Amino acid sequence: MSNLVEEFNSYREKMNERILGQDHKFMKRFYNLDTNTYKDGALPAKTKEYMGLVASMVLRCDDCIKYHIGALHELGMTTDELFEVFSVANLVGGSIVIPHTRRALEYWDALNNEH
Amino acid sequence: MSNLVEEFNSYREKMNERILGQDHKFMKRFYNLDTNTYKDGALPAKTKEYMGLVASMVLRCDDCIKYHIGALHELGMTTDELFEVFSVANLVGGSIVIPHTRRALEYWDALNNEH
Amino acid sequence: MSNLVEEFNSYREKMNERILGQDHKFMKRFYNLDTNTYKDGALPAKTKEYMGLVASMVLRCDDCIKYHIGALHELGMTTDELFEVFSVANLVGGSIVIPHTRRALEYWDALNNEH
Amino acid sequence: MSNLVEEFNSYREKMNERILGQDHKFMKRFYNLDTNTYKDGALPAKTKEYMGLVASMVLRCDDCIKYHIGALHELGMTTDELFEVFSVANLVGGSIVIPHTRRALEYWDALNNEH
Amino acid sequence: MSNLVEEFNSYREKMNERILGQDHKFMKRFYNLDTNTYKDGALPAKTKEYMGLVASMVLRCDDCIKYHIGALHELGMTTDELFEVFSVANLVGGSIVIPHTRRALEYWDALNNEH
Amino acid sequence: MSNLVEEFNSYREKMNERILGQDHKFMKRFYNLDTNTYKDGALPAKTKEYMGLVASMVLRCDDCIKYHIGALHELGMTTDELFEVFSVANLVGGSIVIPHTRRALEYWDALNNEH
């Protein structure tokens, strides 16, 4: 696996374990909500992940972007579809989203070069 | 048509005409981009509108929310689907999205009571 | 009760009932989290409400500000203490917080003039 | 004077007096900083007001926008110059700035129709 | 001292000196306000630091978070209390605060492992 | 050229080529708009760059800040003028802008030490 993907995942997992290990009621429930929200429901999981990704892009959270790109990679998103998300995010959020688009595409390329 | 919907649409149209009437190159091109981005492409228009709505909710722009809810109403969104968008927006954007969720649902109800 | 307080509370209650009446799993759990987070715990409820208020101010959510000012009013906050919250919020969030400070103080005065 | 301008100014003045009347050290110093920052310095007042306006637009603070448009009106800004500010604000801040652009232009027109 | 804490503090100090060394009136006054705001007043310093931390978390400023966690460490905050701040920040600010919570806890652990 | 400047420019160029190489209609048009907006018009390019910089600072986008500081460096901005931009950005955006001010000044110094 590429360094970019590996480093993101291992830090994320390590710190999530550290947070959940504290056994704090709110944080456990919030993590639980977070996991369940992106499952199939009235809208399919993939549509929800697209929404999670676009929300992360306009709020400019690089780690959140990486997480949703990883999930969409597993759900079979194509590069053309990713660029559609980039369009909405850059239009709605403005040119300050461009630097995050650069890093998002770099992460996407890293995911695809793994194989 | 309900007052809420009518007032939003008529103010929006009046001021858009005023802005475009100035014939300023950037604003014309930007409005043009805005219109074209939500058309069918690698992702269907409906998915893009969902993304536009969730982006508007986490950025907490009531007028943008109304616009996308109107567009999704025309595209046949159900109330259950709208609540899925609410879920992602509130999860990602936090409890500060709740007041906007209230107004979004009020607008949705106004759209549906028109008939 | 003053109009400002009355209108805020009645709209908020009406729309919360409308949202919860939809019986959507995420929204119910999220509202439940929201209610429980501000209860006494490792930090007292009042300190948590101060945090909720300052977070609402820097994120510039007028309805959230009103809600927390109402809760702090019930918990016995003084005007001097409110100005301490204003200080932190304006320092951290900048002069764009000023218009929200105006409305926050107007709401606080309305709450106190009720009696 | 038009209602829009009149209402904005009178509410703003009333609540500023209320805030400063509390004689709170931080708030007085912060208001003082706010006033002094836009005076002529290494950059002229007009350039600083342009910066204050664009910052207010991308942060989407309608009252701040009105304040700076009022100041720039007094400094002789033209409609063409205002549209240049709109361009930068909409480009950098994205389409969520559009509704604020509508209200900004409405306020500008109200200022100009006073005469 | 751990690298994480050391690096943050030394870069911060170096650049603060560089900024203040320019002897610019606004920046000096603003830094001065920043320092004075968190002192004991109508609310105790610790409560104000809690507010500074929660504001920094919902605005997602990692360096600001580190600064306030450092100050609260000196004021004797416990890990349970820190998790209460995390609760309010994640609830109000949403899941985009999670990555900042990870880094906040890592910094807190680094502070505690110094001894 | 200093590392800081070199690394920023080379990563930016590499990823911009990667994005534009995808030949996606929206992204090409958006990049085009971005380039054209800062050219001389009813306001001179330098004033627009000041606006681009202050907008980037209050939205706290480090890469955007670097880009506009680079452009203003080429347009002959002085350090005193840069501090005027810092004043407006810190006043309007609050103390969360301070960490970005530190990095902005570090980048500015790197640009000037190149020679």
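A few points about this structure:
A, B, C, D, E and F are the chain letters, set down in written order, and residue numbers restart from 1 in every chain.
Keep this in mind: a residue touches a chain if its C-beta (ideal position, glycine included) is under 8 Å from a C-beta of that chain, and two chains touch if they have at least 3 such contacts.
Fair warning: this is a prediction, and the values are worked out from it, not measured in the lab.
The chains that touch chain A as well as chain C are B, D, E, F. In terms of C-beta pairs in contact, the better-connected of the chain pairs B-D and C-E is C-E. Chains compared, chain B against chain C: the Cα-based superposition rotates one onto the other by 120 degrees, nearest 5. Between the CA-based centres of chain A and chain F the separation comes to 26 Å, rounded to the whole angstrom.
One inter-chain figure worth recording: chain B and chain E are separated by 37 Å, centre to centre, where each centre is the mean of the chain's CA atoms.
The distance from the centre of chain D to the centre of chain E, each centre being the mean of the chain's C-alpha atoms, comes to 31 Å. Averaged C-alpha coordinates put the centre of chain D at 23 Å from the centre of chain F. With touch defined as above, residues shared between interfaces to two or more other chains in chain C number as follows: 26, 30, 33-34, 37, 55-56, 58-59, 64, 80, 83, 87, 90-93, 95-96.
In terms of which chains touch, the assembly is arranged so that all chains touch all other chains. Interface residues of chain A facing chain B in the complex, by the touch rule stated above, are 33-34, 37-38, 41-43, 47-48, 50-52, 54-59, 64, 78, 80-81, 83-85, 87-89, 91-93. Contact residues on chain F toward chain B in their complex (touch as defined above): 26, 29-30, 33, 36-37. Contact residues of chain B toward chain C in the complex are 60, 79-80, 83, 86-87, 90-91, 95-96, 98-99, 101-103, 105-106, 109.
Those residues of chain D lying in contact with chain A across their complex are 58, 90-97.
Across the complex, chain F is touched by residues 11-12, 15-16, 18-19, 22, 24, 26-27, 30, 34, 55-56, 59, 61-64 of chain E.
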